[in-house]
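Each of the next two complexes has chain A plus one other chain: chain B in the first, chain C in the second.
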Partner chain A sequence: MAEMIKLFVNGNEVEVEAGKNLIDAIGAVGIEIPHLCYHPALGADGNCRMCLVGLEEGGPPLVPACKTPAAEGMKVLLDADHIKKIQHDVLEFQLINHPVDCPVCDQAGECSLQDYYMTYDGQKSRMTVPQVTKSKKMDFGCGVVHDQERCVLCGRCVRFCRQITRTGELGIVNRTDTARVAIFPGRPLDNRYAVNVVDLCPVGAMTSADFRFKQRVWFMKKERGVCHGCSRGCNITIDHNREKDQDDLIYRFRPLFNEQVNGYFICDEGRLSYRDENENRLTEARLSKTTISLDRAVTASLKEFKRAEGIVILISPDCSLEQMVSIKSLAEELGAPLSGFSDGYIKKGDGDDYLIQDDKAANRAGLTALNIDSSQSAFEEALAKAGLLINFNNDLSLFYDESSLKKLFKEKRVIGVTSRDTKLFQMANLVIPVASFTEYSGSIINCDNILQTFNRAITKNDAPLDMSEVAALLGGPLKTNGDRYDKLKKIVVSLNDFNPDTIPATGLKLT
Partner chain B sequence: MSAKVKTLERKGSSLAEKIYFVEIFKGMATTFGHFWRNLLDNSNLYVRHYPEVEPEIPVRWRGRHRLTSHEDGTVKCVACFMCQTNCPAECISIEAGERLDDKAEKMPVKFNIDLLECIYCGYCVEACPLDAIRMDTGIYSVTDNNRESFVLGLEELLQTPGAFSEEEYKKGGA
Partner chain C sequence: MSDRSQLISTGEPFKFDQERDTEFERLIKRYPERESMILPALWLTQEQEGWISAEAIAYIADRIGTFASKVFECATFYTMYHLHPMGKYHICVCRTLSCWLRDKQAIVDYLRDEIGIEPGQKSEDGKFSLEEVECLGHCGTAPVVQINGEFHEEMDVEKLTALLAELN
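Coming up: the complex of A and B.
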């Protein structure tokens, strides 16, 4: 626990954490100080003047809250008339050349300027001269669209590119009312975290080309999730909406702050991985290209089990711990060797020293923790001996090309349990649809051995089953989540204290 | 409570009334009286001869919707979704797209109003910041024999003309 200090806000005593600036310290107890340029990840810049607060006794009478550390006994004034006038005047300045095109602006509904105007300003423009016009709809690269007229020149995007990605593509050029954020001629944004500037932008100056005009933000429901794009397991907000007479669709992933895992940001690839949740999904079970019901698919699989001379089970390293333990028990029940072979998921040299990892599997640490063998030799050996392969959503096509897959599956029966209707699973004799990671609850262990849980965010119209439920239907002994947790605790020593309800939202560092 | 209560004597308690026989003829006499009178001369009827004679629709009447357009014929709507947000019946569904003329950045590529769900409250008209949707077509009767044709699309909404002049509409309180 950090050291606590006492200070006064508008005459009321509050207890806040020491060592933070006023915005963060007072913000943590629910008192908002308006600010545009300050962002905890980027530090205080002090250029927007929106966070000016009064100090009674000691120090200057007026200080920017972002640059003032909270101190014992400080008397902060937020609701005095002169502070209100400052906030009001600063906003009036910001809005002089702002186009106020909220109806067509994607930021409307989550825009700081809009919110602050409603809270602190609320008066009509007094300007009688025509507004300064600037460029609109500029392509900044990496799927970022910039509108210079809406910009409040807080410089968050500029600082992000300098401090976080250290690529420095953006800058503010010119002065006074001709100042604008710009790229260098012919050198657009070029980094793998670029779309974070869209989230950082407090107004609608930076918009995402991918999300542009897809939804108004107030229609979307927001759910916490964990990205399965690589083994980092970044925390995300899943913005989804079920439009009238349609399916529940995801419209965007946004980063969710988690100091332990990803901080404030996510990579662009992970951000766009929401598309895989919407598109190209397997929705119905298929037996040699004919659509069948789930019940019939299960019966057909059980028949296959009986007929097969030797079964081998392949598991995806993206599965949650619960699914892994269910499938492991199913394998034990069937007496089949279980493999987590997934060398194809590792893209050597793709990772960086920030968030992106070489290993694109979300839960490889889980495979290791459950002692599931992942070697290529063991998998190929077992498959050579077996007549039936049950593939639980493992994308073998990442490792083998089409011809070697055909060779591998020669004279074998293949049952695919998958969420995606890919070429690999079209080669299978029987496929069973399952939920994807936004549609089930579970827990995974990331590359830093941090255990994170996530809840079901999306409920599709024809909600497919969780993979562990499918494993239970196929004869797996673990029927309920309670069974799965008990078994998990037995196998994995470090999960002994593991109880899904007691894991903090920020994740649990396993030792 | 001090409302004036007037107690009326309940009719139908005498024996002749209870038998009904005489009363039926009395009633029929009234009915046939009206019948013959109106058959010979119907100019004094109190009811409208609908559908031969249509009602006069006032400017402020909330009829079927339409989308207005600029003078050059392009749609005024910028797909801000205010009407859809405000619609209590959730009968409007819009899909927005990039607009390439310089009128705005955004325009609707799809604009559907399901008239079977619409409750004609007029909130969409009030919510619109650009006067792009109006209910001034004067169309009060919407009939068909299949559900699909009650979903109005963008084209249909744009092509329906208003029933009143601009001055009349503005005077009507818009």
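Coming up: the complex of A and C.
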């Protein structure tokens, strides 16, 4: 627990954490100090002047809250007339050349300038001179679209590219009211975290080419999730909406702050991985290319089990711990060897020293924890002896090309339990649709051995089953989540006290 | 203030000549941070070419090892850097207090009539360009005119006529 200090805000005593600046310290107890340029990941810049607060006794009478550490006994003034006037005046300056095109601006509804105007300004423009016009709809690269007129020149995007990605593509050029954010001609945004500037931008100056004009933000529901794009397991906000007579669709992933996993940001690849949740999904079971009901698919599978001379089960390293333990138990029940072979998920050299990992599997640590063998030799040997492969969503095509896959599956029956209707699963004799990671609750362990849980965010119109439930239908002994947790605790020593309800939202570092 | 961010590209790669290269290497030893070299490097470029092109900005950034956006920022912030070609003789007339009081306007008006250009413009033959600038620091000998970096103090129309005749 951090050291606490007492200070006064508008004469009321509050207890805040020591060592933070006034915006963060006072913000943590629910008192907002308006600010545009300050961001905890980028530090204080002090250029927007929106966070000026009064100090009674000691020190200068007026200080920028972003650059002022909270101190014992400090008397902070927020609601005095002269402070209100400053906030009001700063906003009036900001809005001199702002186009106020909120009705067509993507940021509307999550825009600091809009919110602050309603809270602190609220007056009509007094300007009679023509506004300074600048460029709009500029392609900055990496799917970032910039509108110079909406910009408040807080410099967050510039600082992000210099401090975080260290690629420095953006700069503020010119000065006075012609100043604007620009790229150097021919050197556009070129880094794998670029779209974070869209989230950082407090106004609608930076928009995402992928998201703009797709959805008004107030229509979307926001759920917490964990990205399954790589073994980092970045925390995300899943913004989704079910439009009238439509299915529940995801419109974007945004980073969600988690200090011990991803901080404030996510990579662009992970951000766009929401598309896989919407598109190319397997929605119905198929037997030899004919659509059948789930019941019939289960019956057909059970028949296949009986007929088969030897079964081998393959599991995806993206599965949750609950699913892994269910499938492991099913394998034990059927007496089938279980493999987590997934070398194709590892893209050597693709990771960096920030968030992106080489290993694109979300829960490889889970495979290891459950002692599931992942070697290529064991998988291929087992498959050679078996007549039936049950593939639980493992994307073998990441490792084998099409002809090797054909060779591998020659004279074998294949059952695919999958969320994605890909070429690989079109080669299977029977496919059963399952939920994808935004549609079930579960727990995974990331590359740093941090256990994270997530809950179902999306409920599709024809919601496919969780893979654990499919495993149970196919004869797996673990029918309820309670059973799965008990078994998990038995197998995995570090999960001895595993209780999904007590795992903090920020994850639990396993030892 | 106008938008200075629309850089002009020459289509040719830029490089310091031998003299500026030596000067660059001499100067950079002065600074603990290489980035401090941005402004002097921009000066060197302007000295060499008379103006600063997009290629020159990219060259400076790569030579110093900093982001092109930073050099871009500096070049567009300071109006003393010319981002398009100037006349062969670039005439700066000081317009700050002392020079203004000592009738810099007479000089500007004379140049306007004689060469036919307003401040901020370049003559059609490319020989002269005119600019009004802020204090050049020669207030004691106002009004002052600077031509290609050379100071001409206590100017009046008569002296200027002689000077122009010399340049022509």
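As a working rule, the second predicted complex is superposed on the first by the 511 of 511 C-alpha atoms of A that agree within 3 Å, B and C clash if a C-alpha of one lies under 4 Å from a C-alpha of the other, contacts with A are read in each partner's own complex, and residues count from 1 in each chain.
The rule is short, and it goes like this: contacts are C-beta pairs under 8 Å (C-beta built on N, C-alpha and C of every residue); 3 or more make two chains touch, one makes a residue touch a chain.
Predicted model only: the values in this text are computed from it and were never measured.
After alignment on the shared chain A, the placement of chain B and chain C results in a side-by-side fit free of clashes. In the superposition on chain A, A:128 makes contact with neither chain B nor chain C. By the touch criterion defined above, A:175 reaches chain C but does not reach chain B. By the document's definition of touching, of the two partners only chain B reaches A:136; chain C does not. Applying the stated contact rule after C-alpha superposition, one finds that A:243 touches chain B and leaves chain C untouched.
Looking at the shared chain after the overlay, A:218 reaches chain B, while chain C stays out of its contact range. Once the two complexes are overlaid on the shared chain, A:187 sits against chain C while remaining clear of chain B.
After the superposition on chain A, the angle chain B-chain A-chain C between C-alpha centres rounds to 90°, nearest 10. Note on chain A: of its two partners chain C and chain B, the one contacting more of its residues is C.
Put simply, the nearest alpha carbons of chain B and chain C end up 22 Å apart when the two models share chain A. Across the interface of their complex, chain C is touched by residues 134, 158, 161-162, 167-178, 180, 182-187 of chain A.
Taken together, the chain B residues at the contact with chain A in this complex read 78-82, 85, 90, 93, 96-98, 104-106, 129-130.
Every residue of chain C that touches chain A in the complex is listed here, in rising order: 1-5, 7, 9, 54, 57-58, 61, 66-73, 76-77.
Chain A contributes residues 101-104, 136-137, 212-214, 216, 218-219, 243-244 to its touches with chain B in the complex.
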